[in-house]
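Note that chain A is present in both complexes that follow, paired respectively with chain B and with chain C.
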Partner chain A sequence: MSPVNLQSYLIVGAALFVLGMVGFLTRRNLILMFLSAEMMLQGVALNLVAFSRYHGNLGGQVLTLFIVTVAACEAAIALALILMLYRRRKSLDVSLWQELREPELEPIVDEAPLPPAPLPEPMPHLTVAGPEPMHPAEETSHV
Partner chain B sequence: MVFFLDITDASRGAALLTLVRDFWPLWATAALGCAGIYGLLPQARTSKPIWAGFGVAAAILLAGLWFVRQDGVWPEQVLFYAFSFLAVVGGILMLAQSNPVHAALSFALVVLNVCGLFLLLAAPFLMAATLIIYAGAIVVTFLFVIMLAQQAGLASADARSREPFLASLAGFVLLGALWCALDKTYNLTPVLRELDLVASAKSLDEVAKLWSEPAAKPGARTLPALDRLKNALPRELEYDVPELEKAWAKQDLPALTKAAARLRDQAAKLKLGALKPRDRDAPVEAPVTAQNVAGLGRTLFTRYLVPVELAGVLLLVATIGAIAIAGRRGEGLR
Partner chain C sequence: MFDGPRSYLWLIPALPLLGAALTAALGPRWLRGQSHWPCVLGSVAACILSVMTLVAVARGFPSAGTDGIRSYYEWFSAGDVTVGISLRADGLTAVMLVTVTFIGSLIAIYSAGYMRGDPGYPRFFAAVSLFLFSMTGLVLANNFILLYAFWEGVGLCSYLLIGFWFAKPSAAAAARKAFLVTRLGDIGLFLGILTLWLLFGSTATGTSRSLAMDVIFDNVALASTRGTLDHEMLTVACLLLFLGAVGKSAQFPLHVWLPDAMEGPSPVSALIHAATMVTAGVYLVARCTPLFGMAPDAQLVVAVIGGLTALLAALIAVTQTDLKRVLAYSTISQLGYMFLALGSGIEQHRLATLAVTAAIFHLVTHAFFKALLFLGAGSVMHAMGDVIDMRRFGGLRKVLPITHATFLCGAAALAGFPVLFSGFWSKDEILAVTWKAAHESEYATIYFVLLVCALGTAGLTAFYTFRAYFMTFWGEVRIPEEAGHHPHDASPVMGVPLMILAAGAVLVGITLGPTGIFGGFLEQHWMKRQFAARLLPEPGGHHLNWLLMSISGAIALGGIGLAYVLYVKTPALTDNLAKAMSGLYGWSRNKFYLDELFEAIFVRPLEGLARLIRILDQYFVDGLVDLIGQIPSFIGYLVRPFQNGLVQSYALLMALFVGGLLLATMLR
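On to the complex of A and B.
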């Protein structure tokens, strides 16, 4: 008897699915939205494989294999579309495309200003250690 | 203001309240986690969200300690905890990182740990396939991130979130509902406690008080509490509930306690949700563990042959589509 039960895997799968959903709703980078959708698929795949083991039946694993296939197709198409969108706007920000929404919705405006970026650390100033070696006045011949 | 949930119907509101009251530790943990995630999401702020990080960590610990069932300490269990902890932490880091490159790396952490969980679930082929396919996909994505996002430095959009509060709220509702459903299905502890009380009852009044519904007057033939019990029990035990009902209808205390004790013992013996043991000698159709690759191949090419062909066609279509969409030269990337 396995010491870890079915519901433990289902709980983890549910947590991954919800994290992916929150990521898809909040992140504004197109590529990260795509990765969040992939994370939701990971949660679902975990559920399916756990049920496959629970029932002693390979159907769940086969279905997960198909999910991985469809995810690969999705990755190809999504990255191509993202590349198209990037060519138009020169940015991955999804809010630049908000005129595609319903016309009566108010546009989202970034209100709170971002804190200024921290200044780059100054390069360390190295003190000279020891006396400067003697430089030869001119290159001597190696011949 | 329009609420999505219609609780004008009183019974529906009461059902909702019962759900929240019965499973309040689950809801509290989900609320703690989602509040922490709300704090961690990239936003315009001045200080680092340390308290939100502590909140999320506390929620993960509580969920791991309380809701993940365990029977003793096994290596598999240690591995399960390690993999699932790292997977969830990777997911949270992916939400919290404002640098897209770091977020993509966190997603790689999630995939690696889910692959570890696949291995624990006796799916080695799937682990290898997911690892190879996702590793390839993530490397490509990673190159995209570096190529596109890093050309103009960090964008201000990455340091902000879209509707962080509403998204965390939606996550809280979904997580709480999913965990509630799982706990309701797989956790027999409240049912066992109730049956224990019935089995040790000294008088019929005690049972009537326990099932304190208006219909629980001595002599009532059916009880809402018994229906609830029947719903809470797994299907394997449903056939023993009529015995309890019959004893209650006859108002026969010894028979009632005996039936309750028997039901309790059976429910305690039932390993609900236990995964199948490793079985090396079982025929190919039955086992998952032994001969995983051979069994998977046989299943794929006999029972799921048409879907396999369709998946191949889908891959071809997706490849052609991707080339048609992205392959236009002339405009150039810049």
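On to the complex of A and C.
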């Protein structure tokens, strides 16, 4: 492998890492933060693979395999945790979870909160056309 | 006997120590009211061993060619100095041992009655036992450092016992005063020891230095015969040693602690005054006679301080109204006599044996009658419900017959009542020594003045002793209400020691003094061994100075007669006399304002300094420490906002710091 190629791999790895970091630091949605973290992990893994290839030993490859495995476990745990958190607050906003701060500090409240979730599209109201079909009496209570 | 005193010498201090340890360990929990047994048995056993030592020494121990020193154990060695635990038996030590342990045992037995029911009963006997251990160790030590250690032990025990009733503020203050004042002297003693070590410490081989007394004494003697002795430095060393003795033996100007030491229980006073504490200074100077003998100037200082103290203390004692205080000042005065004798024994750089033997003889007789007097005073206090002011009781000779009879023996001995009583003989020997010095010394005039002082003191002593006696036991019967309905005389456990001591106070003087037994013993078994070459031959052996004896006897009788006239016959005259001489009376009454003087010169400025330092400590040092203590919490205050509970802000900080670290590593 030529040195030029190593450089480009490294650039891609760094780009992945930085994108992931920026994403992690800026997004407030828990799932997106988690995905950003995964992206940082992949950037690192890419570096490892590239150096492994460059130096001609398989250590980096092996380590990357470990990373992928661990990332899979981590994904399982993290998604489970996020699910639990969502159930508690009915929201994925990370800033709702800041109780573990110094007791005398005020909670940080965003001045521009997330826009409220859009209401679901109202169902179209159709005019009655034709006669009402016959229902058995016990079935009407199902509606 | 086994193998001579060498085999059991170590037991003499060890037994009281064992007694102290047992009492301290078992007393409060198990022995309780029986706590006196370890102490009494230990001191009696030590006394028996001491008598055995005395007998062995009288029979010629240590035999020719040996020195009677037994080394047990190497205590420590630093550089070229080796300090061993070595004990020595010779005439002086044997006499001191017997005196200390005999008087100590009697006092311990007496205390078993006197202290009964006191909540600190075990503590008292543990401390008394420890006191005896320290004192016997002190007189046995053949090494200046060991002696110093025991010397401090004596100081510690005196502190513990004077402050025995530590809940009483005056007792606590008295204990502190005793400890601090004697400490002043101890500094001198320690410096003196160091000086001796520097000058005369080299051993025969020349490779190492020693603090052993025999080595130092031999070196001084050797340097003297060779003519290489540094007289000035030796004088300095002797004066420093004497400073230690001044503190411990309550000589002017460090005598102020002893009268206050009356705050302890009466047996403690007896112990301190007779057996264990104040005699240490006299012993030290006597032990160092080979050094003082080479330093006539130091001897002159010893004599002057001794004579001055004797007169001063006697003058103060004349007007005191506290029975025990009178006795305390009489102790100071008698110790002054002893130092006067020790300081008078020099002639042309040679030793007069008579002087040292007179001092030690007076020490022994004084131990008997002073212990007797204090125990008698204790008995009076016991009967009077702890009242000791002589103005509040009187006529007790019918109420307390045993105490009266024994106290009279002691008082007559202290006053130097002619012919029969011991104080007369020992005091007379001291006067004879001074007389001799006044005629033959190069400082004849000074010694003559001192002789006059001593004679005056003899009269005063007789006067104040019998003043106390008449005020307490004669006149109409007056009993303070604290005594209850029926004051009781000494119980047998207290009475028997009193009688034994009274017999001693009468008999010791006339049997040992004029017959020359005592002087001969010390000369034969101590002095001849230690400095045979420089002994002054006493012409015609032991002889009595009849003229001086009759003068001092007449003075003593005059003092007693005056006391009788003033306090029994015509008490009204006394008040008029006191008014007529109000100036002198006031000075004496207020102890020549020495306490006030020391208060103004030393205590106040030191207290001021202490206050200043306290302020410095409180505001400067403490402030600094507090400031340093504030730093972590200040840092915490700075960092605290970062812990806001937001995961992302943590991540941001982490990223920033890792980035900074990477940058720093790369740029370096």
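Structural remarks
Throughout what follows, the second predicted complex is superposed on the first by the 103 of 143 C-alpha atoms of A that agree within 3 Å, B and C clash if a C-alpha of one lies under 4 Å from a C-alpha of the other, contacts with A are read in each partner's own complex, and residues count from 1 in each chain.
To be clear about the criterion, a contact is a pair of C-beta atoms (placed from the backbone, for glycine too) under 8 Å apart; a residue touches a chain by one contact, two chains touch by 3 or more.
Treat the numbers as computed from the prediction; the structure is a model and nothing was measured.
After superposition onto chain A, partners chain B and chain C are found to sit side by side with no clash.
When the two complexes are overlaid on their common chain A, residue A:Val49 makes contact with chain B while staying clear of chain C.
Looking at the superposed arrangement, the partner reaching more residues of chain A, out of chain B and chain C, is B.
Contacts of A:Ile11 after superposition: chain B is touched, whereas chain C is not reached. Once chain A of one complex is fitted onto chain A of the other, the partner contacts of A:Glu38 are limited to chain B, with no touch recorded for chain C. In the superposition on chain A, A:Arg101 makes contact with chain C only, not with chain B. Look at A:Leu25: by the touch rule set out above, it reaches both chain B and chain C.
Taking the two complexes aligned on chain A, the least Cα distance separating chain B from chain C is 5 Å. Of the residues of chain A, those at positions 21, 25, 28, 94-95, 108 touch chain B in one of the two structures and chain C in the other. Taken together, the chain A residues at the contact with chain C in this complex read 21, 24-25, 28, 33, 94-95, 97-102, 104-105, 107-108. Residues of chain A touching chain B in their complex: 1-12, 14-23, 25-29, 31-32, 34-36, 38-39, 42, 45-46, 49-50, 52-59, 61-62, 64-66, 68-77, 79-84, 86-87, 90-95, 108, 110, 112-115. Partner chain A is touched in their complex by these residues of chain B: 34, 37, 41, 43-46, 63, 67-74, 76-77, 80, 84, 87-88, 91-92, 94-95, 100, 103-104, 107, 110-111, 114, 117-118, 120-123, 125-126, 129-130, 133-134, 137, 140-141, 144-145, 148-149, 152, 155-164, 166-168, 170-171, 174-175, 178-179, 182-183, 185-187, 271-277, 286-289, 292, 295-296, 299-300, 304, 307, 311, 314-315, 317-319, 321-323, 325-326, 331, 333. Chain C contributes residues 640-641, 643-648, 651-652, 655 to its touches with chain A in the complex.
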